[in-house]
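Here's the structure we're looking at; comments come further down.
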Amino acid sequence: MQSILSRSIKGPIGLIVSILVLIVIFSILNPRFGSIENLQNVLYQASVPLIVVVGATLVIQMGSIDLSVEGVMGASGMAWILLSPNTRHALDLGPWAWVIAIGLGLGLGLLSGLVHAKLKVPSFVVTLGTWYVGLGIAILLYGNGMLPSLTSEALARWPSRLSLGLPNSFWLAAVVILGGILASNYTGFGRGVLAVGNNETIARGGGMAVDRIKIAAFTVAGCLSGLAGILATMQLGSGSPDIGFGQLFTVIPAAVIAGTALGGGEGGVLRSILGVFLLIILNNGLVLAGVDPDFQSGVFGAILIVAIVAVAWPTRGALKVAK
Amino acid sequence: MTSAIPPVLKLTNVSRSFGKVKAVNNVSLTIARGEVIGLTGENGAGKSTLLKILAGIERPDEGTMEINGKPANFRSPNDAFRAGVGVVHQEQSLFTNLSVAENIALQNQDRSGLSRFGIRNWGEINRNASAVLDKIGVKLSPRARVGDLSFVDRQMVEIARAVCVEPGKDATPLIILDEPTAVLEQAEVEVLEREIRKLRRFASVIFVSHRLDEVLRICDRVVVMRHGSLTSDRSTEGVTKQDLFKAMVDDAPVAVTRARAATPAQSTPAIEARGLTVNGKFRDISFAVHPGRITALVGTNGSGRGALMRTLFGAGKPDAGTLLVNGQEVSNWSIRKAVAAGLAYVPAERKVEGMIGGYSGTRNIAMVHRQTAMVGPLLHPGRMARTAQTWFDRLDVNPNDITQPLDQFSGGNQQKVVLAKWLNSPDLRVLMLDHPLRGLDVGVSQAVNAQIREACKNGTAVVLIPDTIEEALDMADEILVLRDGQISARHDLSSGSDLAIKEIVAEMI
Amino acid sequence: ALAEFAHPEGFNPDEWVMVASVINTTNPYMISNIEGAEAVSKALGIKLEIVNSNNSSQTSISNILAILASGKKPIMFVNTVASSDAPPIVDAVGRARGYVSIWWNKPDEFKPQNVGDHFVAFQKHPGVESGRCGAQALADALGGEGSVVMLPGVQDSTTSQTRVAGFRAEIAENYPGIKILEERPSNWDPQLGARNAQDLIVKYGDEIKGVWAADDGMQIGAMQAFENAGLLDKVKFSSDGLYPKTLEDIISGRGGNAIVGETFHRGYMASAIGLYTTYLAASGQITPSELPDEKRESLFKLSCVTPQNYEQYLQYDEPGAADAFVARLVEAGPWDTQPVPLVGAGPEVLPNM
Amino acid sequence: MKAFRQFAAWHTIAPPLVFFAMLLVVGIFNPNYLGPFGISIVAATAAPILLVAVGQAMVLNIGSIDLSNAAISMLGAILLALWVPQLGVAGILGVLVLMTLVGALNGFVLAHTQVPSFALTLGTLGILQTAALVISDSQTIYLTQNRELVTAFYNTSLAFVPLTFWIGVLVAVAYWVLLRFTVVGQNMTAVGKNESGAILSAVPHRRIKTITFAVSGFTGAVAGLCIVAQGGSASASGLGSNLLLPGIAAALVGGTSISGGLTNPLNVIFGALTVAFVPIAIQALGFSAQAQSLVYGIFIILVVALTTTRTRGLVIK
């Protein structure tokens, strides 16, 4: 069966080559592209999607999808800033703000997981629902008041401050990525996710706690979206229910381009990270190369197609199943 | 008897129904320590269902079960595994995206050392897998990805996983093998036989097979199921195949033999390969099959037979060589061209490649040759149904319901429908079959073989990859032996030469 | 509540419903829109429904249609998500025998004068003017010399396009020493504003002396990016909207008085003017077809704000400012209420470039 | 709930049932919804969603996904607004043909390069967005001449329901016939249920994919027609620019399986009505503007929980 089913890209070599080609082209178009400064810039910009993509990858590996990212980010980011030193009011819970905000993400992820696993509703629609639930919570928290901004200089500057030459945002993302890789490779949960994605029926038949794994995956994804919401809010210095805007269409394509098949069972955190970098570099490079903004999304789309076709070309075959 | 050692398994009046179907009907069975039980019966007799009950996958509607003297009331496969029941299911149940070692470990989660504080200990997992693989004498890297393995190797992984059971002290494991040999070749079956003999030293075994000689050779006792009930339970000593037949079916099948077709004098071959090569699969294959003749390709698994057949069918591009169909050299060969030229292909992996599971028999049969069932671009449901009904009646498909989705049929009946799909051709020139009898019971096998012979009589050339060498000797006019992707021997049986199985096996390896 | 508002003879407030449609409920400007609508509703004693378009034209239109289905006649103010929303909304309001004013976006060819009395007016603050305000403030702060980058809003928004045109025209006409390096549309999104600003910083480094954004949201993002790069006090910013956060930054002198130019207008003023104009038509106090064109397709005053004069606008953000504005509005009529009296007629003519 | 689920035919009748139940509940709070006006609003809103959704359902049915079909509608709408003034009916036909070709190109590239449809159509989405912006010169294109030719589809009603919706129904019925009674339709579903099996049964799978995406492109263009009919104008980020997710959601609420091989275009009609009706219902029930997103999310989850197909043994992804 496997011999005929889509044998996805063996290893991320195609992807790495694509990224390298892009880097070379963009560096030729604008030498500043290869500067340390731009490296820091790219890492800073990539850190939020990097955190989100870890959770998204787990969910996609399981054969499900999590669309709720932007809503969860909004809810957690808003909860966090309202509980941290901000221009709205004096309430400052310190570390508890983090706990509560990530807890909110956890709750929303748990909701997705429970409805999906227990009521057997396709994750696509459940998480479309939780997206709006999260956004709704963010909007209610936001209320009628003024835009809350961080008053703590230390917090507002933390994400962009450099440690060992790289921005703190990225270090936070790196910790999450490391955790994701460890969880994926070294825990029963991570392996269970792959097993469920490969064949849920067998996993159930083999006595695996499939529902628990599913719920856990969505919960982890919720927590990470929550964390990403906090980081994005810190980066912007102000809270907004729309803080996650645009992340979904970075993160899921990143995972998919990197070979995490939407059907599940394939891919991995490391690869998705390459996918995120491909997309971020593409966007950053188009700006640095001075591509007319009118054409940016078109050029983006065209390069994307060329890249994925180049990656998939060698694996074509008469019997390959392409979904 | 007041033996201190309780039986490994004691089933009392166990039943299980699916809707109206009584899959297991009032079965009582006792297995002693170290005993190897053969379980056989027609397709759909209820063997797998009974085993699933033992494995904790299905729950009995009625009856009680005792394992090693303790009442067993399994809620999940894990419960069964802990109680010492290890299973190789009929359908492979491995995670193809994970490594061999991990597949073994996943079943074996309780084992200490495999994970510490919830963290996987890969070293130990791989060591454990190596040990188990060594124990059953299989040479496989624990790190290999299961999806990259051949079907047989995967089967070995399944067996390795099953023998991992570690029931408590004084308890005896029960190893269940549901048709493990269906996908194995001669040499591999011998390995398995040896393995089962080893297992007997510390475990009891239930072995399911449709190959009766195998059952008689390997097992101490043979149990026959029919329509969910046990119809026979006796020692294998002195039992013949015919005896087992009688217990399985109402009337023993009449063995049909076919006069072998003589080497044709002048006719054009229906299909001919000249120096056909697919890099990494097979090299320099030349042979021809004439209308009305059957050529069997024998070889070990991985010898390239499957790949060769796919290439003939246009499902793979040859790297070198030419292919002639009905005397014409073909280029840019594709599945659609092949089918248009009258070729047909019954793949080995029936469920994945042979049929559309969610479609009814009617739609499956109308998948390929439906010229008669079309009005312009529209389908003619009435004619489709009539065609399907004709085939269902002719092949005696059971249940005789052309509207039921095909994945709800037993494997044998599925195979009949797959065959019907191709036989429905108005002009069938070449019929290629990869392991057509895999998993089929004796009766169905004969029905399928009868159809193949019938097609042959009507002038179709047949290329066959058989399950066993016996099958090849029974069916073929010519045998080609493949070894490592090359033809190592040819035997023309129409000349009436007496060929020994041993001889062929020697040419295979 | 206020003393009973005296409706004219024959106008029964119970037959009517006020509707304010906003693009979302998360943008300070939109929240201010809602505030103004609430103030008018309270003052006139007519029930109010808020439509939240959630940034989607389809949601906007269908929710408006949903309210129309309730059977009451609408007095409607719509802040359209996109220009093309205006025709179907106006059309539906006409069928429901209601009245509507559209704010900010509509197709130029779609004129109230040509449609009918139910399309009472189209109203906006001039975008060209806004762009010119920003350009002057920025260029003056740079002493007429230096390079600037621009962050427009959504590419096909007329509001953004007019502001961009105003900015470019002002620079071209009066500030030959200012060089516009690049335009990066940032979709009114603070985060995208920040991201684009970061990329531009990498691309041009400290060559950038000034940043203009088509609204304060994107400016907030851009300022954060420059602050992170340690460049905030070397760059000047101008934009549109004088959001509370912007006001704070002006007051605190953030980044060495980085913000040099703003415009003043408030969401509550827009919705109040729109709803009140519509109410006048609904209650028969004005007959739209008899109004001059400048009252049908109107441009309302927009003030240039600088760090020097911002204090005179603080009063409009005091608690109760919306109610006070509505009281003056009822007093003086929709075309003559400070600080946003009528100043001209649309459609806006883009400067020749 | 459980009893419902066991009811074998539930998933075939759930989409209409849930829609009418919602209509009834809202009607109790606000009887106007049960009248012609309420129906016409829901149908008018549902029309473009329905069209995008049936196209998407056809693509989901072969096991792929088309992220570009809403962008095709958008571009189609803009081209219509540009062409109809000069070309009239020929302009409409031209757009339908062109967008069908765009869809076909999607399918052709997909079939021949064997890349995941998700990634490919995401790329197409970007290109189409740029095309829409550039072709419209970032302006709203307002129909002046030949306006009635297009707006008549919205302004003319049949049984209180605008023609745009009936067009959607017509297309859905046509697709239903295609799937049930034609060879092409049977092959589409076969590819969705088991692509390997279909390929080895000599199903022309590449052609099938091309046709399916062409169908999706065609339906997208018709949705563009509905958009222009309703708005009388078109712009890149205006009416119709948010159709992608509602379209997919409507297909799923209509019982389409996201993993392929299962759809009923007739039920997608009710899926689209439901998805269009949820925000309207929330507005009608009088939730505050701030609470609407939250309630919308909860509604979506509830509706899908009620309508999802849960065939025994089917793995829900």
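For reference, chains read A, B, C and D in written order, and residue numbers begin at 1 within each chain.
Just so we're on the same page, a contact is a pair of C-beta atoms (placed from the backbone, for glycine too) under 8 Å apart; a residue touches a chain by one contact, two chains touch by 3 or more.
Chain identities (UniProt): A, D = ABC transporter permease; B = Sugar ABC transporter ATP-binding protein.
This structure is a prediction, so every number in the text was calculated from the model and none was measured.
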Using the contact definition stated above, find the chains touching both chain A and chain C.
D
Measuring centre to centre, with centres taken as mean CA positions, what chain is farthest from chain B?
C
Round to the nearest whole Å and give the separation of the Cα centres of chain C and chain D.
34
Between chain B and chain C, centroid-to-centroid distance (C-alpha), Å:
73
Cα centroid separation, chain A vs chain B, in Å, comes to 44
Just give me the whole-number Å value for how far the CA centre of chain A lies from that of chain D.
28
Counting only residues that touch at least 2 other chains, which ones in chain A make the list?
4, 139, 294, 317-319
Could you check chain C for residues that touch two or more other chains and list them?
25, 34, 155
For chain B, jot down the residues that touch at least 2 other chains.
315, 335, 352-353
Chains grouped in pairs wherever the two touch, ordered by label
A-B, A-C, A-D, B-D, C-D
Which of the residues in chain B end up touching chain D in this complex?
313, 315, 335-336, 338-339, 345, 347, 352-359, 363, 366-368, 370, 374, 377-379, 381, 421
Inside the complex, what are the residues of chain D that reach chain C?
30, 32-33, 35, 37-38, 41, 44-45, 48-49, 133, 136, 138-140, 142, 144, 154, 230-243, 246, 276, 279-281, 283-284, 288-290, 292-293
Parts of chain A lying in touch with chain D, wherever the complex brings them together
4-6, 63-65, 67, 71, 115-116, 119-126, 128-137, 139-140, 143, 200-201, 249, 252-253, 256-257, 261-264, 294-302, 304-305, 308-309, 311-313, 315-323
In their shared complex, chain D is touched by residues of chain C numbered 22, 25, 34, 49-52, 54-59, 61-63, 65-71, 81-85, 87-88, 91, 107-110, 154-158, 161
Name, in rising order, each residue of chain D that touches chain A in their complex.
63-65, 109-111, 113-120, 122-131, 133-134, 138, 195-196, 199-200, 245, 248-249, 252-253, 258-260, 290-301, 304-305, 308, 310, 313, 315-317
